[in-house]
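Residue numbering begins at 1 within each chain, and the chains themselves are lettered A, B, C and D in the order written.
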Amino acid sequence: MSWNTFGRVFRFTTWGESHGPALGVVVDGCPPGIALSEKDIQPYLDARKPGQSKYTTQRREADEVRILSGVFEGRTTGTPISLLIENTDQRSKDYSEVAKAYRPGHADYAYDAKYGFRDYRGGGRSSARETAARVAAGAVARLVIPEVEITGWVEQIGEVPLLYSRFDKGEIRNNPFFCPDAETVTRWESLVENARKAGSSLGALVTCWAEGVPAGWGAPLYAKLDSELAAAMMSINAVKGVEIGDGFAAALGTGESNADPMRPGENGGENGPRFMANHAGGIAGGISTGQPVTCRVAFKPTSSILTPVDTVDRDGNATQISTKGRHDPCVGIRGVPVVEAMMALVLADQKLLHRAQCS
Amino acid sequence: MSWNTFGRVFRFTTWGESHGPALGVVVDGCPPGIALSEKDIQPYLDARKPGQSKYTTQRREADEVRILSGVFEGRTTGTPISLLIENTDQRSKDYSEVAKAYRPGHADYAYDAKYGFRDYRGGGRSSARETAARVAAGAVARLVIPEVEITGWVEQIGEVPLLYSRFDKGEIRNNPFFCPDAETVTRWESLVENARKAGSSLGALVTCWAEGVPAGWGAPLYAKLDSELAAAMMSINAVKGVEIGDGFAAALGTGESNADPMRPGENGGENGPRFMANHAGGIAGGISTGQPVTCRVAFKPTSSILTPVDTVDRDGNATQISTKGRHDPCVGIRGVPVVEAMMALVLADQKLLHRAQCS
Amino acid sequence: MSWNTFGRVFRFTTWGESHGPALGVVVDGCPPGIALSEKDIQPYLDARKPGQSKYTTQRREADEVRILSGVFEGRTTGTPISLLIENTDQRSKDYSEVAKAYRPGHADYAYDAKYGFRDYRGGGRSSARETAARVAAGAVARLVIPEVEITGWVEQIGEVPLLYSRFDKGEIRNNPFFCPDAETVTRWESLVENARKAGSSLGALVTCWAEGVPAGWGAPLYAKLDSELAAAMMSINAVKGVEIGDGFAAALGTGESNADPMRPGENGGENGPRFMANHAGGIAGGISTGQPVTCRVAFKPTSSILTPVDTVDRDGNATQISTKGRHDPCVGIRGVPVVEAMMALVLADQKLLHRAQCS
Amino acid sequence: MSWNTFGRVFRFTTWGESHGPALGVVVDGCPPGIALSEKDIQPYLDARKPGQSKYTTQRREADEVRILSGVFEGRTTGTPISLLIENTDQRSKDYSEVAKAYRPGHADYAYDAKYGFRDYRGGGRSSARETAARVAAGAVARLVIPEVEITGWVEQIGEVPLLYSRFDKGEIRNNPFFCPDAETVTRWESLVENARKAGSSLGALVTCWAEGVPAGWGAPLYAKLDSELAAAMMSINAVKGVEIGDGFAAALGTGESNADPMRPGENGGENGPRFMANHAGGIAGGISTGQPVTCRVAFKPTSSILTPVDTVDRDGNATQISTKGRHDPCVGIRGVPVVEAMMALVLADQKLLHRAQCS
């Protein structure tokens, strides 16, 4: 089934292919009266934009967003907000090879198996270009949750992690890797540059924190805050794993080591208790606790590599394929604004859901 | 928001608390004409049932399921199937301590913050007893996807993994740990027994495979098969991480090491290509490839431990709490039937969604 | 598709057949902290209950409701509320005739065409007995909207309308017809009694008002308050038409005759303007205006009649069928509590949706 | 709540205001491989287009549709289809009067009450211009149900009905009223012309038939085919009533007069029985019977009239307003393509839902 809508009351629907005329998103359920213009959205698109450094794909897209509806006199009206981004750098390259053979690790074979045929130009709908639409929607979502500050960064590229002892939030936007550790940047530069030159690719881990989420957002069971985040993150292209709080590491510990003890909060606890640890990632029983909501996302190395890989063509014959074209050597890097956007979109939805039931 | 329904066309809605009179589930959207009786459901409930060995909670529940609707003359009618399980062993113990103070790591504080008060008896709605309802629903889901074989097992308890070189599927149901490696069972016995005696708890990793899923189930983007699985697994109590295929390990590799090359399939490829690896976990672009769908889930150690932990009471005063009562020293073990059930429920939904759009 | 859930954030899911062991409903999304016991629900079930007078079916059901979850210490917890009603008077009559031949006007043929077979005992899932579950859910919904007073009545039976000049709200619960006009009661008594004796049946019109709905509930377009009401009412068994406000009569008039002029409201308009008419039924552009929300619903005469009607059997052979058994000669009468319940369920949902977006 | 998506698996989301730069719709869940180009959509938009005759609004919009995604090499890919229609004739007239005072019968006051402010230019989101997006989506839906032929017509304008004894389907597209009775056209011409000259407005009844719907589409209860149709039709601007089959007239009859007797169908009943009447409108128990699905919709006269009507301004002061501008004297006329579109959209969704559960 095609399913291009996410969210329960704050919802967005994306559309568009890598090589179509445009892509876009319709944001529905946004509260009215919020100041909104293209200037609130564009910086996030710029952060995700390709062609910014030699470490990302050389496709050059202005990624200029236009608001087509839902805003009047500079404020949201409460009706659907349609955002449009034109594709301007779809090269008329030769796709005949991709049209015929399946790139292993890409969605080529699966799409054909499902739909009987596919838009093979640049991956069509399966292209990560779709994430521009999410980033645009995420910029709107941020305005719905001004109490929340969302910060994402790359934590590891390939086998090279950053050092948290050198963590500096202010550094994140100072380098092309969204890296909060300036010393690690140098190592990643050569790592990614080598991969790029070799026509290879690298995986990455991205971490995202949301600070300022009040206690009480989320739900028991099937709209748990962590469940919604897991769905949101796993829906991003190339993501293969999601953790909340300590995640897999928590499984190694004991109830004692994993406890998040509580002490009386400040000012008589008016903002809840003080937590002495945050193994839980700010979520207990599917509901936020008032601590930072934290998650970690694993991006696989893209399958777009120069090394020829065994595959079959549409007729089932053995062949090989190598992916030329313009590609990100490490898609996880540009994944940071996307992960942040999905965090914002989930939280905005949960904020509205919470006040629906409990205000 | 309370949200107790999961699924898009094959949907189920669970209800019930740990210490209420009963719990249950309504399964809606099930195809008609499927042979179904309590006997098809009970074995899965028995596998999850507490009190089976000294390694799980000593609460004793018969967990006998009754079908109240949706079946006529032994076959599903296509209308909602209501399944009911009575609670029979809710001890009338003294809950005054839990009523007053928050157990760190449990949902106590978050529920209070959200709803203003909570059913504190045995965790109320946040109790893992709810998973009995999912397991019952999952048994129905399995009948919707007879082409699929689902197998889950515990892969690691605390820091002790099994050895895959000794993997024996037939062994899984032979021991109280759902462990496919007989030699590891002995080690886990002492590990869990020690934790139990110490009033401590352990985390675990659970792996689940679905074999026989044809290529084409799933969707691009927001109902991606992997996204749905992530939501499903993360909605299980105590789960903090989800991986599809190689998951986090994939992030360490390169495009070359992570490739799943294809070769022509048997009989002229009538069942699709032969894949030479399955790093992707049977899913590409959100859509199944015909390989086994694989995921791995991290269960945290429960917060129900004897060691007193710092906490606050409902009035914000500092106190300590230790959890006596009957608890699983390692909830991940009984998580296996739950993980299997969620896998079945997601796949049944996706099968129906696929034929909605593409049959 | 089977679809047994209604609502967007305040949702309910019903289950159960006419001749199964029980029927019930799960109410999800109810705000926490609302005082709720069986006593809040039972009066509405009693109002709908069969066997109350000779003008309704003689099936005798206690229709006693049990709350199985979602309530703790007398208040809603915010988690799903499971309500169960046992079937106690399913007569073990001979259904062989209905099993073989299709009752024209009933769902028999359509169910068979869809599902391949059907639970023919008393209509199975298509029985109006399901409406007991809605009425129970509606009683919960009313508690969510204490600002709203909902009043339904029968306006016409067959060709005999009441006289609005004699409208007396206090009279509605004084007679077995939910008739606000005492003089018309006498006429309906003989009308319905004659139909019952003749084994015939009669249609009816039911009107429902909701007073106290503040301006602002509803939505533009696909969750318009009137659209939701139309869906809700048309989902009731035997309903074939729905009007909001003047409905079909509005189509006969002009813009001038159909206008609802406004004058300044009391106390400086703090509660909105004063409307000089309510042709619109309290809804403009899908959103409530602060006037009473009004709708009118047409119930067809049931197809359960003694006169033999031409039909075919399951093998396609010509035959005739007459419906004996215990039936309502005019289902519209007992439709009143059902219409009221659906009104309450729609409004509760819209209230929560409104504060999700706009609070 | 803003809710701009309709459908369960075949879904569409509309956006755009009367005087914004464009409006559009995203169609999601469309089966793959269907031939689709702008030429398949444009004729339906042209039928709805304003400015076609002197009997409709004189606003002139080309209403040219562009497909921005979801189609590759002339066929649907199974991914979302984005359709865009530019607004070209939004006159920069003076809206200061409408900005300040509420037009009775319009959504002005309700929008303000809900959202705190509104886009007052031409009604903003509440404008019937939105229906262009539905008509475009409906054209796609028709391609999903090629077995179904949908025909809508105006049955009555004001108090003047057509004569069914003169019904000629071929006549419908021959006159500006979608009238199947040529003789009535003359009467409607003068009726509507007089209303237009007087700055008044008229209501209308629109009937729609869907022939070729096989038995089995629909659902018991909350996604009943009739319930979905009621929601769909009532979501159209200015609609105040919906009937299925005999509708309100059915309430006047008896079980005998309302029966739809069945006789053995042709060719051994391979296509189901032959029905001797269709009082039910082709739906029993929420499920299609194989007969034509029929519904009737009441459009109120628009509130856009020249006669000044009492109202209040945003500050609550008494004033009067008369609506100049360009308006349809009878919006029901251009409602025909919209009603047809909604019929197609509901049926396409139900077709896919049916095969999800029952194929």
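Basically, contacts are C-beta pairs under 8 Å (C-beta built on N, C-alpha and C of every residue); 3 or more make two chains touch, one makes a residue touch a chain.
Note that this is a predicted model, so its numbers are computed, not measured.
Chemist: In terms of C-beta pairs in contact, which of C-D and B-C ranks higher?
Modeler: The comparison resolves to C-D.
Chemist: Could you work out which chain's C-alpha centre is the most distant one from the centre of subunit B?
Modeler: Farthest chain from subunit B, going by C-alpha centroids: D.
Chemist: Report, in whole Å, the distance between the mean C-alpha point of subunit C and the mean C-alpha point of subunit D.
Modeler: Computed from C-alpha means, the inter-chain centre distance equals 26 Å.
Chemist: So how far apart, in whole Å, are subunit B and subunit D when each is placed at the average of its C-alpha atoms?
Modeler: 45
Chemist: Compute the distance, rounded to whole Å, between the mean C-alpha positions of subunit B and subunit C.
Modeler: Centres of subunit B and subunit C (C-alpha means) sit 39 Å apart.
Chemist: Can you tell me which residues of subunit A touch two or more of the remaining chains?
Modeler: 1-5, 8-9, 14, 29-30, 32, 78-79, 114-116, 125, 220, 353, 356-358
Chemist: Is the chain-to-chain touch network here best called a line, a ring, a star, complete, or other?
Modeler: Graph shape here is complete: every pair of chains touches.
Chemist: Hey, which residues of subunit B end up touching subunit A in the complex?
Modeler: 1-6, 8, 14, 102, 104-111, 113-116, 125-126, 130, 156, 158-159, 195, 200-205, 214-224, 226-235, 237, 239-248, 250-265, 268-269, 272-273, 276, 279-281, 283-290, 298-305, 307, 309-312, 316-318, 332, 350, 353-354, 356-358
Chemist: Which residues, counting only subunit C, touch subunit A once they are in their complex?
Modeler: It comes out as residues 8-9, 29-32, 78-79, 220, 352-353, 355-359.
Chemist: Can you list the subunit C residues touching subunit B in their complex?
Modeler: Subunit C residues touching subunit B: 1-5, 9, 11, 13-17, 20-24, 26, 28-30, 32-33, 66, 68-70, 72-73, 75, 77-82, 114-119, 121, 124-125.
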